[in-house]
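Labels for the chains are A, B and C, by order of writing; each one numbers its residues from 1.
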Amino acid sequence: MTAQLVAESLVKRFGGLTALDDVSLEIEAGELLGLIGPNGSGKTTLLNVLSGFYLADSGTAFFEGQKITGREPAVLAGRGIARTFQVTKIFRRISVLENLLVPGLVDWSAGRSTVIEKGQEILDLLEIGHLADGPAAEMSGGQAKLLEFGRIMMLDPKLVLLDEPFGGVHPMLKRLMHDRIRDWNGRGTTIILISHDMGSIFDLCGRVMTLQNGRVIANAAPEQVRNDPVVLQAYLGTQDGEAGRGL
Amino acid sequence: MNNQAKPIPSPAAATGLRRGILGLLVVAVFFAIPFLGLDEYWIYILTIGFYYGILASSWSLIVGYVGRISFAHAAMSGLGAYGSIFASTTFALPLYLAIPFAGVFTGLVGLAIGRLCLRLHGAYLGLTTIAFSEIVRITITAEHEITRGSLGLAAPALFESADRVQYYYSFLAVLLASLLVMWLVLRSRIGLFFAAIREDEDAAASLGVKVVRWKIFAFTFSSVIAGIAGAFYAHFIQLVAPSMMSLQEMGFILSMAVIGGFQNIFYAAMGGIVLEVLLEVLREIGEWRMAIFGAVVILVLRFAPNGLFGGFADYLASLGRRS
Amino acid sequence: MALFEQVVNGLIISIFYALAALGLSLIFGVLKIVNFAQGELYMLGGFVYYVFASLLGLPPVAAVLVAFAALFIVGALVERLLIDPIHAGKVERVDEYAIMITFGLAILLQNLMLGLFGPWTKRPDAILRGRVEIGELIISGDRLAAAGVGVLLIIAVLAFIRYTWAGKAIRAVSQDRETAGVIGVDARLTGMLAFGLGGALAGAAGALIGPVFLVYPTMGVIPVIKAYVIVVLGGLGSVPGAILGAFVLGQVESLATVLIPDTTRALAYKDAYGLVLLVLVLVFRPQGLFGERTRRA
């Protein structure tokens, strides 16, 4: 059996800049893959290609054996690929619960009352149930990240792509998010996690892939990556090579 | 879990109920008006006000709910008017077929424009729809052999008798019917998809909302309503000229929707009726009327984005909450 | 010779077009909004010129400068009162807000002037009267003078943007508002300056063209649509693009008119060609004919 997600030689250019340079990867169902790399190394771009937001210039990706490159984001969401955004994108001027109803009601066979019930359960699980009827615009940054989590939980996705979910999140909330991610993964969901927070990455991920200038420079278990001189060099080497211990 | 049945109706439901009752009262007043011995002239003006109510509310469906601007709405109404005239004269269709035909025709044009403008936002969409609107107006003016150009085209009357009250109730019925259809769509999950697209298109798409489909649907839907309104209008005033597609006319529709409250179809419709009546009441001050409306549009956008009716309703709701 | 005359006249029209479009582009460049009241600023310029040149008897060139200055103030005020709240975070739906509020402003200004001056056309005194003969070429003096001053004005604005510190601020904010802030440019002030300059250019255009095409409250309606076409052709926000776009539009209009044999219809469609171009460009090449595709959001 082939891997659940297979990407072959993805290339994405923006004008003269090659944001993804021949990126290939394979992920088995149920894996939790960390994706790291310095700013501008192409992490978000990879995620955008895998979720249908960018068209790859060349290369193909398959999910459960079906081609996903060139498909619309909404179609991919229907196939079980869900994502969050680095800059949180919540629906500000509808209620928190309604934010969850959007993905819930996309399935026309789902009835409104079941979807509402499920939405409320998820909000409770994320400990923002008390905010359900308030406008989403009034949430804090961290709560908004949780809401994004909740929205994709509504889809019961098979593959979850998380882009910097811990950015600007209070440590308490972060712990809650860790628990949710573990839970999720424990129930068989495949996850790709982009984060600058090395603690989270090493805590959570079974494998870590490192990008630099759009190329995969390392792809291994966390403990190996932690001591990989190439990775250290990528992160800190260009300015002051000696500071690498901080990782 | 705290999702047990709530014993007390939520404040939102209570104000919703109050607004519903208020709405029914307003409708009842409009039904009663012809019995109040009002001058025929005002019946006529109110009928035109209903026409603008349809246009203002269907315009705010795109702008207020889906968050996309359009300057082609007056042109859509005009296309409906001309479409129905051609259907009923050149093709000799009876009006009960010609008017739906006009609706379908404008719907198809709206579909085509919606399809073309899919990726455009904000100012780009504004400019493109202005261009469409002007192209339609110029074409109809230029093809004077068919359309009689700016002289305008005569339209067969909707009713044989010239009874104003008959027209009044017809237009009231069309207004209420289109509001009802829009309301049903907006309160279904489609309305939620509209809101998601308005708030964040990318997020909506990432959650499986067929953004393209719903944007085109909204544009088509609102065009159909505008087209039907235009068709009815043509058979009411019985003379249609390209000026009904002018940008001035579009500015008029925009003013009505914004001043009434473009984030709510009912407030926008009220804006249409009230502004049309005010235009007549203030006839003596001439062009100053529109200058005042322009100033009010600016003030409303800046300080009361829910419009005068929306702002008033919010105020009432806040009173209710306090007591 | 007739052809040459045609070319010169086409050129003069293109200069008028460029003048009308330049301000729109400048404003879009810095503030990323289309000012849908630009045609009314142009109209106000025409009226200021009419009042100062014809009613108060100022020398025409001085009256043009007055129109320029007056509309600079109007533009800057509009920016501070209506547009700046966007950047102060006081507005929820930025795109629609900017479009609708400038559209509302257009309604206000047009009807305000209708109320004040009535719908009648006025012909203010021109800078030059009569005809000018250059060899066998005969051009009406008012057009030639207007075009001449217009060219000077365009050059002055280009030089201002290119060489002055304020011009550099305009370019910096046009490219990237946030980065400009980081390097010490006051983006809010620059926005006000850009809108002021954009208004001033529209005002000067109205003042210069007023004696040729007459002054009346709806005089801005058609020119502003041409200006939309031009800035879209040249790429929204690009000042050189706007100038290039003006010449493209001038040529397209004169060419397309020749293509339709029935002259009355050809004339009736004259204003539509540019609009068709606008739609094609926005749908298929939104960065304009000459612009490069830029980074999305």
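Rule of thumb we're sticking to: a contact is a pair of C-beta atoms (placed from the backbone, for glycine too) under 8 Å apart; a residue touches a chain by one contact, two chains touch by 3 or more.
None of these values were measured; they are calculated from a predicted model.
Most remote from subunit C, judged by the distance between CA-atom centroids, is A.
Here the largest set of C-beta contact pairs joins the chains B-C.
In terms of their C-alpha centroids, the spacing between subunit B and subunit C amounts to 32 Å.
A separation of 42 Å divides the Cα centre of subunit A from that of subunit B.
In terms of their C-alpha centroids, the spacing between subunit A and subunit C amounts to 47 Å. The residues of subunit A that reach two or more other chains are 93, listed in rising order. Each of residues 92 in subunit C touches at least two other chains.
Within the complex formed with subunit A, the residues of subunit B that make contact are 1-3, 10, 12, 189, 192-193, 195-196, 198-200, 202-212. Of all residues in subunit B, those touching subunit C in their complex are 63, 67, 69, 116-117, 119-124, 126-128, 130-132, 134-135, 138-139, 141-144, 149, 247, 251, 254-255, 258, 285-291, 293-295, 297-298, 301-302, 305. If you check the complex, the residues on subunit C that touch subunit B are 28, 32-34, 36, 82, 85, 92-93, 95-101, 103-112, 114-115, 221, 225, 228-229, 232, 236, 265, 268-269, 271-272, 275-276, 278-279, 282-283, 286.
Note for the complex: subunit A touches subunit B at residues 51-53, 72-74, 77-78, 82-83, 85, 89-94, 98, 101-103, 105-108, 112, 116-117, 120-121, 124, 129-130, 133, 151-152, 154-155.
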